[in-house]
């Protein structure tokens, strides 16, 4: 027992790192959305799609806690790319940091997506849900998968990173609430149209909770193994404080709490208790 | 220690932010004694994790050399598995953290079977924090943990503000606090540390009551009762409405309580509440704490415990002091 | 309201930092009601200065249009001049301020002669905060201030933690708090607001006692007991060792107390403790406060009161709400 | 009565300002000492020697309070010059701000030095006590005074702004603890030597409290009207909170507390209770 854990500890030691990473570039890509590139080769080389980094967004004690940000992409030469929206004081601080500043990060953290090879897969992103899905799209293409990337947002201005996705070679299928690009309506509705014709061997989603619930519902109906990336407020990010739980259901239907930081942020869509 | 150096930047050492992980920690500098004694336990240094913020140790192993801690303190254990409160359980406040975990833990059995074997391999004393919903549960926890090899002391949580029928009642009523203490003492040969809540009119009354009932040491403070509201949804920020406030915001309140209790009772104290740096820790020692516990700081900076131990050492060397015990209660008024 | 705009910088509006002084304040937007009523006083808006942080009004005149406040609340007045505590009286803590002013004030006579004529010229109700060392002093202060033209209400400080024989005892013992309240009520036709201390095990017990004794409204919270140590000198940071903690650090504790008291008594509440922005103020309204007081925020940002009033207005407009009273106690649980 | 106060309020309205000033330059001039120049013409034009500015040293709520800094000099075109030592978290934050940043300042605050014209005066600065004395030296010279500027520090490296003072035309008399420049010993000892020969019609000092006490003692002995600039921790800076008091003695010897922010920071040296 204690031996097994020792090995686990060894493994973790190598993986999770706390370091000050230099800002390589930070640029605004939308009204309140920023693309941030940090120099963090030791994290970049081991990070997997779906994992996140816990970012200190202050030089003092206010704001106090780190902010979790999913890894959006891996750049050349050890760059770690993030895409985030300014929501409050933490992300506003981050947006003020310019190239050359150093940012205290902890990662990579959490359980990533389950990868496949040579399959047809569907990625369903709502709004900023694009963040982890771009990373898995890149990896999935490298692994020989065929990727249908369903991407919905309020309007065409909020469809960030379209060029990057297109250049990557995914089959990009857009949806907007106002019809200013692609399908008019929810991205899950668009996906449903494809589901009737195409057989996906796996599906992955990230976005607003109601959209994920609908995604999970569709995946179950069409019997597709599906994973979602969830959000919850976090403190440690390491599984120690039990502050970040979400409600899951086991196979017998019993509800229980699982850490999003270590049990997730990626969960089997069928295991999530969407009601609670 | 807080002077900015050559570069116009704060020296992060011992600060909450950005201490890079250094797994290769040197031993205490020769000629400097950091060791203290609490209730018969010898601690190599006075720095402990605070219960509930350090999981069961393994979670922090990438950043904290567990063998370098003064002691290891684990999350509160209850007799039966406790599912905890519904999410959201956390919210940040100005320089503070509000939580309502609700004592989620796997229960005594699983703790002994799955957590203890890992914890046993480390040399620092292991302090197990316990909470019961009845006095009988406290007594049973004490008895069963005393039989489990590797447990060196019990910390009795009579103050957790999240479980209605439990902690809140015991910790705020001196007679109840005393009865819990006596029940635990009567069922264990281990040293008993009672953890006090600050949510009382006069903490010294409770302190005196539990010491008279046999507490070998006290730890304080647990979290302050607090609340936050999300004005966009008009709902409480925490699903359980009320939570416990910890972190730098509460430090002055914690220090005040430690100072008052230190002047009231003779048993050693473990001071905690908002300690972020070695300088903060020294304030608690000067106020009369024999050791300190670090909670929220670790959640922000996983290397905080190591940085604080190193900072205490540096302080002693800087000040030409040979023994940290010379700082305990050395406040000049 | 907290979104960053075009430029990668925080929008400081309603934040503690950097609101530039704008002496030309527009009136409340048409169609939006900010007015509330407290103990028979009509306040044009629910934003007040907190006693002791606003001097006697004139000090803030360069930054605050006194006629735009919900009411004016002055520093605690005692029967005789009070010299206050020796310096240092202040120290900063993490997101908090620890003070031990010791109620320094020129006394009743000088207040009536030299401060009141200035204060009388403004239209908002004038609330005079009083503290006595004995019940008789409270009664006399009440009687004499009731005769002085221009005083609209009394706020009874039974909770100042700095004067030993005074506040601390009255505010923490329900029966004593009730006796002070009754003595003041018996000697004034003015509305009486009793200001509660959070340094008690159960604030609702004190709240109920003073309401039964006749309090027309309650204000809460006064400061939390706290302490800080200068580790370089090994001396307390404050000359009087213990001080009162205020500012953003205490906000969750204050909000919790307001919420609990609001569910216990029927009289209107003035909520305070750590309010820095309009968003903070709205949390207190949702928790059940009819008005809010702003203390430490003004010390940091002299225009804070104005920014908070403007922020409340903006919030109502943003949310399409016509009346601020719809927010009071509107927390959904 | 109320009329008089109204006029006072009017006056104050014009004087004290809270604004965001742009950093024109910030440079390190010693191990932990910085020279900072802000663009604040409306404050610069009315500031008087001995007054201070209350500076917000954070973008968040930690550190919380403003930090008082004496006005060191008035530059061209509305520049406000400060000289400060990094002591803790507030000044460390300030030291990180670079040209182009904006800093929230409140001022000018406090009572300045009493100015004279066409007199022989002595200025006695210990360490960073140089800060307000450089400003009064400039003004005093313009007013036709003869200025003996006694300036002491630990060693020659800590004698900041010597060139500026020299260029200004003061009679600069140096003292260092280690003798690395000028007189070896306390600056008050050096002043004492001159006191025996020269008659000063006014004296002004700023520096460590023990040195100020000695200065006050000497001024009293030689019967010279003397003023000192004191420090105390502050919150509001406006006279409202009563947090910043120092102990004074009235003419009958009674001790009382006076605000440093509004009653000072400059006080008659004879009125200060040096024991308390």
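Letters A, B, C and D mark the chains in the order given here, with residues in each chain numbered from 1 onward.
Operating definition for what follows: a contact is a pair of C-beta atoms (placed from the backbone, for glycine too) under 8 Å apart; a residue touches a chain by one contact, two chains touch by 3 or more.
Everything numeric in this text was worked out from a predicted model, so none of it was measured.
Asker: If you apply the touch rule, which chains end up adjacent to both chain A and chain D?
Answerer: Looking at chain D and chain A together, the chains touching each of them are B, C.
Asker: Calculate how many whole Å lie between the centre of chain A and the centre of chain C, each centre taken as the average of the chain's C-alpha atoms.
Answerer: That gives a centre separation of 45 Å.
Asker: When the C-alpha atoms of chain C and chain D are each averaged to a single point, how far apart are the two points in Å?
Answerer: From the centre of chain C to the centre of chain D is 34 Å.
Asker: So the centre of each chain is just the mean of its C-alpha atoms; given that, what is the distance between chain B and chain C in Å?
Answerer: Those two chain centres are 34 Å apart.
Asker: Touching two or more other chains, which residues of chain A qualify?
Answerer: 58-63, 89, 93, 96
Asker: Two or more other chains touching the same residue: where does that happen in chain C?
Answerer: Residue numbers touching two or more other chains: 10, 94-96, 247-248, 276.
Asker: Is the way these chains touch best called a line, a ring, a star, complete, or other?
Answerer: complete
Asker: Spell out the part of chain D that touches chain B in their complex, as residue ranges.
Answerer: 26, 28, 32, 34, 61-62, 86-89, 91-93, 95-96
Asker: So in the complex, which bits of chain B are touching chain D?
Answerer: It comes out as residues 2-5, 8-10, 94-95, 248.
Asker: Touching chain D in the complex: which residues of chain C?
Answerer: 10, 16-21, 23, 52-55, 58-63, 75, 83-84, 86-92, 94-97, 99, 101, 104, 114, 117-118, 120-121, 247-248, 276, 296, 298-303
Asker: Looking at the complex, which residues from chain A come into contact with chain B?
Answerer: Answer in residue numbers: 1-2, 5-6, 8-9, 12-13, 15-20, 56, 58-66, 102, 104, 106, 232-236, 238-247, 256-257, 276.
Asker: If you look only at chain B, which of its residues touch chain C in the complex?
Answerer: Chain B residues touching chain C: 93-96, 98, 172, 199-202, 224-229, 231, 233-236, 241-243, 245, 247-253, 255-256, 259, 274, 276, 279, 282-283, 286-287, 315, 330-333.
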